[in-house]
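Per-chain residue numbering starts at 1, and chain names A, B, C, D and E are given in the order in which the chains are listed.
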Amino acid sequence: MIDYTSASIDFALLGPEIALLASAFLILVTGYVKSLGKLSPGVAFVGLVIALVLSLNQWGNQSSGFFGMVTCDDFGSAFKVIFTLIAILTLLMAHRYLSHKSLNRPEFYALLNISTMGMMVMANSTDLVVMFLGLEIMSLPLYVMAGMARRSPESNEAGIKYFVMGAFASAFLLMGIAFVYGASGTTDLRRLVTDYHYIVGNFKLYLYSGVAMILVGFGFKVGAVPFHSWIPDVYEGAPTPVTAFFSVGPKAAGFAVLLRLFVFGFAYIGLLSDVFWVLAALTMTVGNIMALRQNNIKRMLAYSSIAHAGYILIAFAVGGDSAVSAAMFYLVAYALFNTGAFAVLVLLETRTGCKSDFSELSGFSRLHPYLSSVLALFMFALCGFPPTVGFFGKFYLFSAAIQSGFIWLVVIGVMNSFVSVYYYLRVIKVSFFDQPQQTFVPVTYSPAIIVVLLITLAGTLGLGLFPQQLLDISQSAIFAFL
Amino acid sequence: MTEYLYLIPILPLVGFLINGLLIGRIPRPVITLIGCGSVALSLALSLSLFFELKALPADSRMIEQVLFTWIVSGNFHVSMGFLLDPLSAVMILVVTGVGFLIHVYSVGYMHKDPGYGRYFTYLNLFTFSMLTLVLADNFLLMFVGWEGVGLCSYLLIGFWYHKKSAADAGKKAFIVNRIGDFGFLIGMFIVFWQVGSLNFVDINAMAPAAFIAGGSLITITCLLLFVGATGKSAQIPLFVWLPDAMEGPTPVSALIHAATMVTAGVYMIVRSNVLYMMSPDALFVVAVVGALTAIFAATIGLAQNDIKRVLAYSTVSQLGYMFLACGVAAFTAGIFHLMTHAFFKALLFLASGSVLHAMSDEKDIRKMGGLKKYIPITYWTFLIGTLAITGIPGLSGFFSKDEILWKAFSSDYGHPVFWVLGFVTAGLTAFYMFRLVYLTFHGPERMDDETKSHLHESPKSMTVPLIILAALAIAGGWVGMPHILGATNYFEHWLEPVMASGRNAVDTHALMSTSSNAGMEWSLMVASVGLVLISIFVARMFYNKKPELATAWQKKMSGLHKLLLNKYYIDEIYGAVIVRPTVYFSLFLWKVVDVVLIDGLINGVAVVYNDLSESLRQVQTGRVRTYATWFAVGVVVLIAVFMRG
Amino acid sequence: MSLDLAIFVISALVAVFGATMMIFQRNPVASVLYLILSLVGQAVLYVQLGAAFVGAVLIIVYSGAILVLFLFVIMMLNLRSSADLGEPSPPVSRFVKYFVSCLIFLELSFIIRESLGAGSTTSAGIVTMADDSFGSVESVATLLFTRYLYPFELTSVLLLSAIVGAVIIARRATEDELPPQPEKAVGPISQKTNEGQE
Amino acid sequence: MESQILTLVTFFPLLGAALLLLIPKERHDSVKSIALIISFITMLLSFWLYAMFEPLANGMQFEINIPWVASLGISYHMGIDGISLLLIVMTTVLNVLAILASFNSITQNVKGYYISMLLLATGMIGVFCSLDLFLFYVFWEVMLFPMYFIIGLWGGVRRIYAAIKFVLFTMFGSLLMLVAILYILFEYQSFAGEYSFDMLKLAQMPLGHQAQLWLFGAFALAFAIKVPLWPFHTWLPDAHVEAPTAGSVILAGVLLKMGTYGFIRICMPMFPEATVTFIPYISVLSLIAIIYGALVAMVQKDVKSLVAFSSVSHMGFIMLGLFALNLQGMEGAVLQMLNHGISTGALFLLVGMIYERRHTRLIDQFGGLAKVMPMFSAVFMIVTLSSIGLPLTNGFVGEFLILLGTFKANVWYAVIAASGVILSACYMLWMYQRMFYGKITNKENEGLKDLSIREKIIVIPLVLLIFWIGVYPKPLFDRIEPAVKQVMNQMGRSGTVEVDEDFSIKPVLADRTAEQELIVKAEKEGE
Amino acid sequence: MVPISAYLIVGVALFAIGTVGVLISRNLIVLLMSVELMLNSANLCLIAFSRSQNIMDGHAFVFLVLTIAAAEAAVGLAMVITLYRNRETINIDRFNLLKW
């Protein structure tokens, strides 16, 4: 077991975070030297790779440090790997896009790394304070990244909307933490669990209302209805690689914290299952229905990300080990194919004036049969068709739910994926079946984005066909937990 | 020789395959050779097998040959097997004999037709199917032939497919037959599930135990089978297709729609006489339908002006006789009439074909007249056929018809009313047949000059079959002379083994009480002959001596005439009651149920979803403060929920 | 009415009053000043609660730095009370907003009232005087540099990212950026090209 | 090799598709010929399968069972019995013909088309081979995309609507099926203590009545949509009409069979009690389908939609036969699955040929074709006859057995169904007459060419099959019968239904309750 | 002595006022200040709770929160500046290019 009281200041526990921070520093320092500015993506990449290696290295290492503020376990390590992978993919697809849009500033890469570090902080702690700080470290760069394209009114708007809503949500989260603290005198999740008899016995209402507001705060990050309304606007307005990052990174981090808090930490609150039941059902339904009538693919994908958050929320209603591992599996799966889909959009948008409207895709397949097939495959994965990992993820998630008797929730989920087929297929319909409306300007590839596509493609298909490995990992990650 | 039994149907099949696959690639003489030759071989084989069968003792005259298992599924087992017994022997002789003659006739009749090869292909296929039908050793194989002849009938009626009427008639024939087959099928199911086999031999042996004689199940079974028979043999209410079938080439009408195929229903009932004997109720229905059809069709025949249609209605009427015979359990009489009818009706049709040949395909008898001197052979053979059908003593028709009338009167299952109906029908038949003869061959020449200039006797290939058939029409009945004339009824003896099993099925002394009342039989015979003669005389009055009398009567009873001319409007009634409502109902199903209801529901769901999406989207106003409001509402609700918990 | 209570009531009223006035000002400068007023009231409450050091920090850092930053921006942008603020929301929507906020208040205060004194370390929820070290600079510092060392260090990262972010967002345009688009979105943009479904 | 033959047959087309990817897309001819060769080899492989298959033997053959996702009990479990064998052979044959038939009609995006066709083949064969529910589901869904593209990319005017309708209908059903599959997984886990998707194992699991009803309902919905059973059929006419010829052939020939196959492979063995409970509902829907499909077919103006509605009617027969739940009905139904594939496939091929010539499928645009295209009309006639079930053609054998079996199960069902036989003659012959008979009214029809060599190669195997099955179906029955008996035995194993000596299924519930009552009575008396 | 709950109620009240501010103020700067107010009210609660639990962790937390508030303010104001440069307004309702 982990020694939770360890006061040791063991920087090895923070290896990945430090690597990211160091690379961010380096970028900031070198960034102001014109000739070295070009190096910043490389530096960021190296930092991320080192972080990845360090995170992988932490697998199996379970210890605690910094007065219990840092808890290193497999759950956290697994998520750290996910975060770094997402960041690497984002980095790879962002570089050329940013250059194309004249946004290629060294700071972007620094912010990306800092934000990733924030996610790690979130995943790597059992203390509410640290989680809150991690959330802020993750979010602040995101607000900035969303508003990076300063000349674009949409980007500005995305930034400010994200910021306002994010700060608003943070206030609730903070209030929630305050109430929990008021109830227990601690912000450490482990003590909240061990002392829960006392806490519930004496300060039930404080605790419960605090938990409710914490749920609001993190629910906001993952885009649970009714705290989702920022998502479409921000996703649409932000630069596309950033959107790609938004749609998986913070979401994964939010879910990591939510899983820690609600499946394991506050699991003794009996009410949670029902609450998440409703939240899940509401989230996926609203996400899917609103996605039906979108004209912009990015916006559609935004709603779809709400819907997918809804699917993952099923795991919270279900609770238990298999649900957590299913949620983790689904997150990885979602990260893969969603990033892939965005990578295609990034490619599209490197053409001047393209905003990823549906109509701009018409006849896409005539010119780019392979790229459009890849896009189609990602859409199928989003629908949850076999043999993509999208299917297996849903399958595993739903099977965990059914085993705990949540048949109706699964039925709702299944009906929702049915609805989602319509709008995902619309992408395929437009790109394959429609006649090109005007001459389609060909996209130009860069090696980096090809790598992204290959990785996501291989992951989408490979994990769909042979999910056993990832399944094992996601199952073993939860054993060392809390 | 018996091991070659299967060759009888197979030979025409081979002919069909050769002609069919090589269609358009082989010259006409070869087609002729293959077409006629295959049937000729079948005929020869049939004759030799017939004699072989005859050589056997009476109670072992049954040869069964199983080729291979056709369908097997659990205890359902049906083989491709042929059964030669006295009954099927008669039938194959009729089929191959008449069939061969008609093949030969066709050589001349069709020689100018571009579809010569196709014609013989179909004809051979028909012969194959018909032989399968009569030789089958089980109901299902019989059904194969049954449907096969239906198909050939369809193809041959629609032979001149470019004529819409021909194509329509073919389709009508097929569909009406299908309605009959429906009954046949269901009947077969009952038989199988009761008896456990469809093999005739098995059924004959086991049916008495499997069914309760006189019970409702056997009655239903027999009636269902009879529905099949009414379809194939053009009985009320499914007779409507046969007159239309005259759209086909005349030899086809002779072969299929007079001599062989249409009698399949009779054959089937006789074949399953064991079943029918167990159900007096079913027999009664058969008799009633037969008698009614006989008189009903005869009345229509009175007013028709198309030479072939008159013959067609007469066929329907004669088939009614046969069913009447079956219905009074005089199966032998039915088969006997079937055989004689095959001779004289084939003769009549072929002769009428010869007339058409001469008349450049003009079918309306009102435009004929006085043909006697142009086409004498045709005239005489036609006259012989007419005399045979009207039942002039000494000719084949007399013996068979008289036996039926007598049985209708005297059999245990008979009734004087049946006799009266048959008697009147005989008079009507004589009248319309002689009307036909007089209008066609006697009196003034009413055809136009163009036609007149082309009048000529038919070639040898057509006249020779006519002459042979005429001979058969005269002599064909002598094998079945009634006892009261002091002769031996060979025909009855020959079929006795087949009928015995039926009689044994029910404990009855029926049928044998006939000879006890010779005086009655004589007087009835005289009465019918008298009526026939009177009818002939009246016809002569109306259509030869005083044509104005006919027109006067026609005017006087114009309503009735119109009714008869239009065949009681049966087609129109069917059209209005069945066909059109079905079409409208179908349109309703398609346009309303499918498109509006089901698709409407589904598209409606899609529309609802779309609208829902569209209106939900409005929530997403783009204003942060609205979002924050929703957010706050969410918070309020969530906290409220947690407060309760 | 004890002195404590009087101080509490007055400062609480000041805090609430300042906050209320802050949100209803048309002039942002006034808003900032009201917020400072509210913060001062809050700081007094902090001190009453034994958090003298934090209260002092609140005044110094918050009022002194953050709100000055606000003022600075307001001045820089030269915002006036007459700046374009469009139409106020319709009454229904405003009512909903007030109502929702009231509900939040009511719910939370209900919770506080219900939990009154339950299991508190102090009887009946009445705060007794704590020992001197409670809330003192030393004790806060000790806490920050031992148990809260890691979060404390993290705030530095946060500040770093905030600085970088602020710089990257608000810096002047450089020549490598795209020139402003011809149809530069100026002022109220309400139309949207998101019309017309397939 | 022998143990992997199913894998080979299933994935060979996929391999071919991969190979096609490497061919430059401008080289249409090599794409076509490679696709043809691949499908042809697949067909030969399936013939080999047929040759090696042991007739009259019980149980699955050529089984492979490799763990796939072990922790969820998913395995790569394949194996075939007679039913699957015949369906696989039919699939491969139709695939060759469909590819051959597309040579001229597909001019755009040729490479993509043949890749889709080959992918489709893998999906279809996979469904028939799978013995693992998960694997089954994967193949079941995998088929969907190629078909979606085939309809959507190479289809007619309303192709997009049709393609989406097709996918949405199918998805709707299959997603509920997914829920049911998951539920079974859970049930099996609590029954056997391990996860498994093995159909054979699952069939041995006793399930409560209520659970069976729900599960059966979920599976049945998926299958019924695929069949398609009335009233879930409306996707079919649209999909058929809009799909290119080959698409229609495969759709009608194979895809519809997946529904009936699902019933026989999954619903019946796993939920015997529910199957018996559902007999009246499914039978009535089948009857409606038979009559309704026939009636609506009668008034169609487009040949393809006529054939499509006739499919609805014919598939109704098959369903009826299956739910007669006796040997005759089920064997007839299985045979009819093949027959329908052959006849309707042939009809669509023929319609495609005429469409290639005239670019219309409206019946009233034709007329008198028998004169200009005698060979074509003859073949069309043969196929028409097979479709209306004339004896000595394949259609008769199946239809007869279905009706025979149904008659035993329920007289009135058989009577009503048999009337569908009449109607099928009506619409088919009427269509035939309007297209082929009469005078040539439309000038454009005058110069039409008769069948080309390629087209003859396409139709001849089908015509031969029509007569072969019609005249000598015994080899097929030798393979079908053990399989059907096995399904029935699987049903009987549950103890809730009973297989009598004639091989028909009866519920034993009634008897059992009577027995129980007796026991209760005896106990009471004892007191 | 004043009960802790009184302080909490003040904190909650300020929180609600902050919420009102976010919900109704059209001026982006006021909106930002309202968020700040909400954070501060949470701080007040933290302090109060810290007092009632007699554990000082809350103080440290408030410290951190103040930093967070500062960081947020910095980023938020930077955004306000950019927005104003681009759109010449800080009316939050004007920023509705992205919707539906």
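Throughout what follows, a contact is a pair of C-beta atoms (placed from the backbone, for glycine too) under 8 Å apart; a residue touches a chain by one contact, two chains touch by 3 or more.
Keep in mind it's a predicted model, so treat the numbers as computed, not measured.
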Query - Required minimum of steps from chain D to chain E, each step between chains that touch - result: 2
Requested in this report: If you tally contacting C-beta pairs, which comes out ahead, A-E or A-B? Let me know.
Outcome: A-E
Requested in this report: Sort the other chains by how far their Cα centres are from that of chain E and give me the top one.
Outcome: B
Report task. Select the chain whose centre, defined as the mean of its C-alpha atoms, is least distant from the mean of all protein C-alpha atoms. Result -> D
Query - Between chain C and chain B, distance of the C-alpha-averaged centres to the nearest whole Å - result: 100
**Report entry** Cα-centroid distance, chain B relative to chain D, in whole angstrom
**Finding:** 38
Report summary line: Between chain C and chain E, the Cα-mean centres are separated in Å by 3
Query raised in the report: From the C-alpha centre of chain C to that of chain D, how far is it in Å?
Result: 68
**Report entry** chain E: positions in contact with at least two other chains
**Finding:** 8, 15, 18-19, 22-24, 26, 32, 43, 48, 50, 52-53, 57, 61, 64, 68, 71-72, 75, 79-80, 82, 86-87, 92-93, 95-100
Query - For chain A, residues that touch 2 or more chains besides their own - result: 129, 133, 136, 140, 143-144, 147, 150-151, 153, 159-161, 164, 168, 172, 179, 205, 209, 232-233, 293, 422
Report task. Note the residues in chain B that touch 2 or more other chains, in rising order. Result -> 617, 620, 622, 624-625, 628-629, 632-633, 635, 639, 643
Requested in this report: Using the contact rule from the top, write out all pairs of chains that touch.
Outcome: A-B, A-C, A-D, A-E, B-C, B-D, B-E, C-E
Report summary line: Residue positions on chain A within touch of chain E in the complex are 129, 132-133, 136, 140, 143-144, 147, 150-151, 153-154, 156-161, 163-164, 167-168, 170-172, 174-175, 177-179, 181-182, 184-187, 232-234, 236-237, 294
Report task. Please give the residue numbers of chain E that touch chain A in the complex, ascending. Result -> 8, 15, 18, 22, 28, 31-32, 35, 38-39, 41-43, 45-46, 48-50, 52-53, 55, 57-58, 61, 64-65, 68, 71-72, 75-76, 79-80, 82-83, 86-87, 92, 95-100
Requested in this report: Quick one: which bits of chain B touch chain D in the complex? Just the residue numbers, please.
Outcome: 23-24, 68-76, 80, 140, 143-144, 146-148, 151, 154, 158, 161-164, 166-168, 170-171, 174-175, 178-179, 181-182, 185-186, 189-190, 192-193, 582-583, 585-587, 589-590, 593-594, 598-599, 602
Query raised in the report: Inside the complex, what are the residues of chain B that reach chain C?
Result: 622, 625, 629, 632-633, 635-636, 639-640, 643
Query raised in the report: If you look only at chain D, which of its residues touch chain B in the complex?
Result: 231, 233-234, 237, 292, 295-296, 298-300, 326-328, 331-332, 368, 370-371, 374, 385, 390-392, 396-397, 400-401, 403-404, 407-408, 414-415, 418-419, 421-422, 425-426, 429-430, 433, 436-439, 471-474, 477, 481, 502-503
